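Common to both upcoming complexes is subunit A, partnered first by subunit B, then by subunit C.
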Partner chain A sequence: MTDIRDGNGLAAAEKLYTQYGSRARELKASGKKVIGYLSALGPVEIMTAAGVLPIRLKGNVSEAISKGDAYMETIVCPFVRNVFDLAVKGKYDFLDGMVLPHQCDSIDRTNETWSYTLGLPYWHFLNVPHVTDDPSIAFMKEILRIFIKTLEKFTGKAITDQAIADAVKAHNNNRKLMRELYDLRKSNPPLISGSEMMKVLVAAMSIPVEESSALIEAVMKEVKERKPAAANPKAKRIMLIGDQIDDVAVIEAIESTGAYLVMDDLSTGSKMYWQDVDATADPVQGIAERYLRKLKIPTTFVGSADTYQGILEERFGHMKKYVNEFKVDGAILFIYKYCDPYGFEVPAIKSYVEAAGAPVLYLEDEYSTSSLARVKTRIEAFLEMIA
Partner chain B sequence: MDYFAGVDIGSTMTKVVIMSDRIEVSLIGPTGPEHRKLANRVMEEALNKARLTFEDLTYIVATGYGRINVPFADRQITEITCHAKGLHSLLPSVKTVVDIGGQDSKGIKIVNGKVMNFVMNDKCAAGTGRFLEIIADSLGVPLEKIGEISLTAQKIAAVSSTCTVFAEQEIISRLASGEPIANLLAGIHDAVATRVYSLVKKLNVEADIAVTGGGAKNIGLVKALESKFGQALLVPPEPLITGALGAALMGKDIFAKYMAEGQKPTRSVNKLEEATFFE
Partner chain C sequence: MAEEKKGRAVATSTAAKIPKFVRGNLSATLKAKEEGKKVAAAFIADGQDEIMRAMDIVPAWGESFSGVCAAKRDAEKYLQKAESDNFSRSLCTYATCNIGFDMMREELGGATPEGAPWGGMGRPDMMLGNGQLLCDPRFKWPQATQHYQQDVPVFVTNMYYPPWDPNADHHEQEAIYVKYAADELRETVKFCEKITGKKMDWDRLAATVELSDKTWDLFIDTYELRKHIPTPMDTGDAMNTMVPLTFNLGTQEAYDFYVDLNAELRQKIADGVGVANPEKYRIIWAAGLPSWFALGDFQYFNGKGVVFPVEVTYRGCEKIERLDLPKTNDPLEHIAWRWVRYWTHWYDAAKKRPGSTPKVERIIEYIEDYKCDGAVFHSAFSCRSWHAGIMQQAATLKKVYKDIPILIMEGDIVDISSYNEADTHNRIDAFIETLAASKKRQG
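Then we have the complex of A and B:
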């Protein structure tokens, strides 16, 4: 693998980003089992505890879907279709198996298409509930236990409570480090650019947790040594909101206009790193609570407040905090076409974040760079508008 | 005298405005696939018409979807900002702009002469000039005539498809079953107006409303839009040039701001010469 030394953290991240999955391929060659997963709901602690490498699958926004549509209906969301297309074309041929968590209908209803078409030795559908009351936590714990059993059977090795507790500790530490890296974006200009940050985030989804932590530490050290550049007083500080954005194309479109991308509420970004797993006597309890209750994503969130405003605060309150802490001047809400879970929330997010003081540009687009020029015009016009 | 130029490269037309304290010259030419060469030619023509040389120009702003390809411009600004600026200078009472171009249509909300909000439709051809071009072509009617002909319709032949390809099929089959061309054209204008109206309605629409772009030159479309919005719409004397005019005005503002700070704006090093497209 790329040696992560002081001073080359960003270069290592760049390589892992450009050659996505290269580390998994290396580890596979040395005998490690690799399990792919989709979405922020993949319980990485359990996979790490099982001794397998979890890798979150991404698509390629620059590659047109050429084979996947022969197996999967085009009504499915463009992101899922793109990832599936890459898998069909052999990009992820190092996988020993996959776990598909029930985040949305596009994942739920294509589970069989994935499993039948790819024919991997291990397959698991994690039937995450979409309500968060106590019986749902009990249900979530049960399905996590079933997941543990299937992994044990596949690897032939027991997953002890101790191993899970250790993995929880390692992933919590990883999240803490990533939050520290995010802190370096609070200065003006930020010490790390939005596209550099995206490369680190993507790289981190594809390597073992200890290596990810070492990578983040190396990047932090490297960017802290940068001489702070003079801030451009006219440059606007932007927050990007959406689900899985895993490519720098959109971010470069934002930053090429001179704006700074300083924060995100993405499922590849802060959503992944802001909530830790509580160390509970039964380690599965903490994991169930983190994924079902703490991780606020559109399909699992259920409000408990009495008023609509209260529910908005529960659901989007963190975005108001980001606007203040990261001094956000404007937000870009980027939603993939046909993504109904995120689509339903658009009016609420827009009005909530605007009330928090940041104008919002809403963009609905493909998971593809084919329409980037048009997206860029909107982004530039938005930045001119808030100038 | 300081002269400012705005170049607006749209999907089908390239527009140039040269101004001092008034509009010196405005020129409209077709846009080809080689934007840079063409921008150069339209600019030359505009300069000739104004009896000016390229060196006489103080600052040049490019806008429109081909703005990046103008090698001699000093600055690029999006068409949203420029349309609002240009229109506000012509019709200061306007608060909502409906722009119908060749490949997109947009709505812009103006407050105190500045863009407050905007919406754009450009994912498909429905609701754009291209849609009307294709239909005019399949009906064998010159594009500039379709608006007037549509006004002679006995009734609006409702066209239910919003997809250009399907709408074209629908039109052809209706034509075959004996529907008069005027009725079909009325239906098509109604369909585009419905599409544009539902897009712009997402903004908090306030009067006065103006229509710009190629679509504003089509009386049938303007009438159809008026019936959707339930009020008369304003059309500037030359609805194609508002973007280029806004670009020239933006250049003027930028220059004035630099001068006020006792500085000169940095100019683009490029001369007005033919740029190689494939460099």
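Then we have the complex of A and C:
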């Protein structure tokens, strides 16, 4: 087990980041069941309550796809393809099963490719709606209950409401701690760099929730003890927007120019940690509402306001808050190729965030470091432009 | 400037009536205002057809208009317009073509851009989307369009069906999905009532749904005539004859079209007239939307004695009796059951064949019923909805059924830049050689 204690939080995060899945492998060896999942829509509370370890799957941007393309089309999201390729190659051979939440076509339309190719003992497609109205909440509760039943059958253990409520508390606490860590990025310069933060975020999604919370606390304590550095008055404060960015490559490309990455709207970052599950009499109700209505992702249609500006506030208002609270000078919108959900939002996000006071650089790219030099050049040009 | 290309000659005279349907649908959107009707930007296979028809809402089919632009090889200007505002070329080109057109129309204050294929499409009063287990653009495209038409309200409904899981009992889940779909359709009606200022005439809706059911049945009865050897109609025509079912469901005109097509196919069979002479190989179009700018490729197949008596694409219906729908007096609940069972009625068959899937079972059923020698899939690079998962279907088909010749063609639905006619024809030639070898092996 990775040693998490005062003074070594960042080292522990580094280890969990570079040896992704190592803790899951240890726990598997000790008899715990491990369930992998994709996207911010994985209901970790229910998996924790089931007594399994949920691990969010990531790819490897430095590794070329070498086997997955024999099974999955190249028109699929490059992130999904990369993770699938790693799974085919055995990187996740410790998994007992997987949950694919219905986030987008690239996941929905490849469900059978995943399940039939990997042949894991447990498989579940969680059919999350794209709409957030009242009938959708009722439906979301139904499909969460179906999910609970399949997990009970797989583990042979009932998942009680009390266990779910306890898991909700544990994950809410985890989110609260992560938000506190984010607060340390508000100073100038931030107390924790963007690449350090990314390593913590990635490490945190690969270990049990209690260990994740201990890790964040250890990192927080360590970072707070740092001597304040002098701020570089010319350094721009940047926010990164996108879905699953789970590697430091792009962040190092930003920070190597002298800029500070101070905030994100990523599905591995603030999207995961900004919204808690409400404690409800039926704990499934709070979970349904959190994942369907509170999570700010483009695959849930939001648009109940009477005016277009009102609709934009519903969809992107949180980004305006980030720009103000984290004193963001510019934003980088980093979208993977073949991503319809994010791709169709680009003009709206760009104009909204720019109206909030932060110029936006839009980059469409692969989930790969092969094009990093070009990306870095564009980032440098952007930072020069907003200097 | 558009690169003009001679259109594909249709094999049936009934199919020659299709341009009139398509033009009629487009011009209806332009005439709606003077007729006091509301226009809704809408999507095919969304379960909302009958609601619109029963409320005199004129559907503006974006997919149809983009398909027309592609067939006329005149989509590039719209794709470039969308790209100029950062819509990537890797996004759905039905959507980006349409959004580019909409952007131009807004810049002209609502006037139709000059040179719009077949007169263009009218500005909608509302946009109806749908979240499905199918297609993200069906809810992101209206949202994206609203950026340019900010006064046009968007309503997105959600209609799912139980996902395929060989270890789950989908029968236990169907009622949950039907309730959800019916509830969502009720929300659609409320929205349409608000925009049109009219109340739904539920008797009219019930009659419209009944007419749709009759059209579904007649469509299948008609298409099953293609089982005949030689087949009297192939997929090249079906990419046209799908229009009334797909874009005019719930109208008498759609039903009457299939009456005519049915009669013509029967006559062709009686006269011994087939699509190819001689008919050497029978192929299933197993999945994928076609390249609308290259429908002539079907004639290339036909010229080599290859016919497509059946296709999965756009066969968006089934014999109602086969779906075993529970009785209900609620037309919306009926639509919901019809929708869910349309997808799940292949599940039991898939369970009986280890390693199979419903999509593959459907292909196997058609291969057997229509006596096919091979399968062609088309993978369009800008559309994940219909085209991601094709490799899995092809591999599973070979694994659980038999080692039949399979061709996966690559291209796009709208963007011609991905298409190379010579390469495509070379691949078709190689596939036909495989078919010949396979048939020889079978004796």
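The rule we apply is simple: the second predicted complex is superposed on the first by the 387 of 387 C-alpha atoms of A that agree within 3 Å, B and C clash if a C-alpha of one lies under 4 Å from a C-alpha of the other, contacts with A are read in each partner's own complex, and residues count from 1 in each chain.
Keep this in mind: contacts are C-beta pairs under 8 Å (C-beta built on N, C-alpha and C of every residue); 3 or more make two chains touch, one makes a residue touch a chain.
Source: prediction; values computed, not measured.
Enquirer: Which chain, subunit B or subunit C, is in touch with more residues of subunit A?
Expert: C
Enquirer: By the touch definition at the top of the document, which applies to A:347: first (subunit B), second (subunit C), both, or neither?
Expert: second
Enquirer: If you stack the two complexes on chain A, which partner ends up touching A:22: first (subunit B), second (subunit C), both, or neither?
Expert: neither
Enquirer: Once chain A of both complexes is superposed, is A:113 in touch with subunit B (first), subunit C (second), both, or neither?
Expert: After superposition on chain A, A:113 lies in contact with subunit C alone.
Enquirer: A:298 contacts which: subunit B (first), subunit C (second), both, neither?
Expert: second
Enquirer: Is A:155 in contact with subunit B, with subunit C, with both, or with neither (first, second, both, neither)?
Expert: neither
Enquirer: Which partner does A:378 contact after superposing on A: first (subunit B), second (subunit C), both, neither?
Expert: first
Enquirer: Considering the complex alone, what residue numbers of subunit A touch subunit C?
Expert: The contact residues of subunit A facing subunit C are 71-73, 75-77, 102, 104-106, 108-113, 116-117, 123-125, 127, 129-131, 133, 135-136, 138-139, 142-143, 146, 150, 298-299, 301, 303, 307-308, 311, 335, 337-341, 343-348, 350-351, 362, 364.
Enquirer: Can you tell me which positions in subunit B touch subunit A when the two form their complex?
Expert: 65, 77-81, 104, 114-118, 120, 122-123
Enquirer: Along subunit A, where are the residues that touch subunit B in the complex?
Expert: 371, 373-374, 377-378, 380-381, 384-385
Enquirer: Over in the complex, which subunit C residues touch subunit A? Could you list them?
Expert: 85-88, 90-92, 95, 129, 131-137, 139-141, 143-144, 146-147, 150-151, 154, 156-158, 160, 162-165, 167-168, 173, 176, 179-180, 183-184, 187, 355, 357, 359, 379-385, 387-392, 395-396
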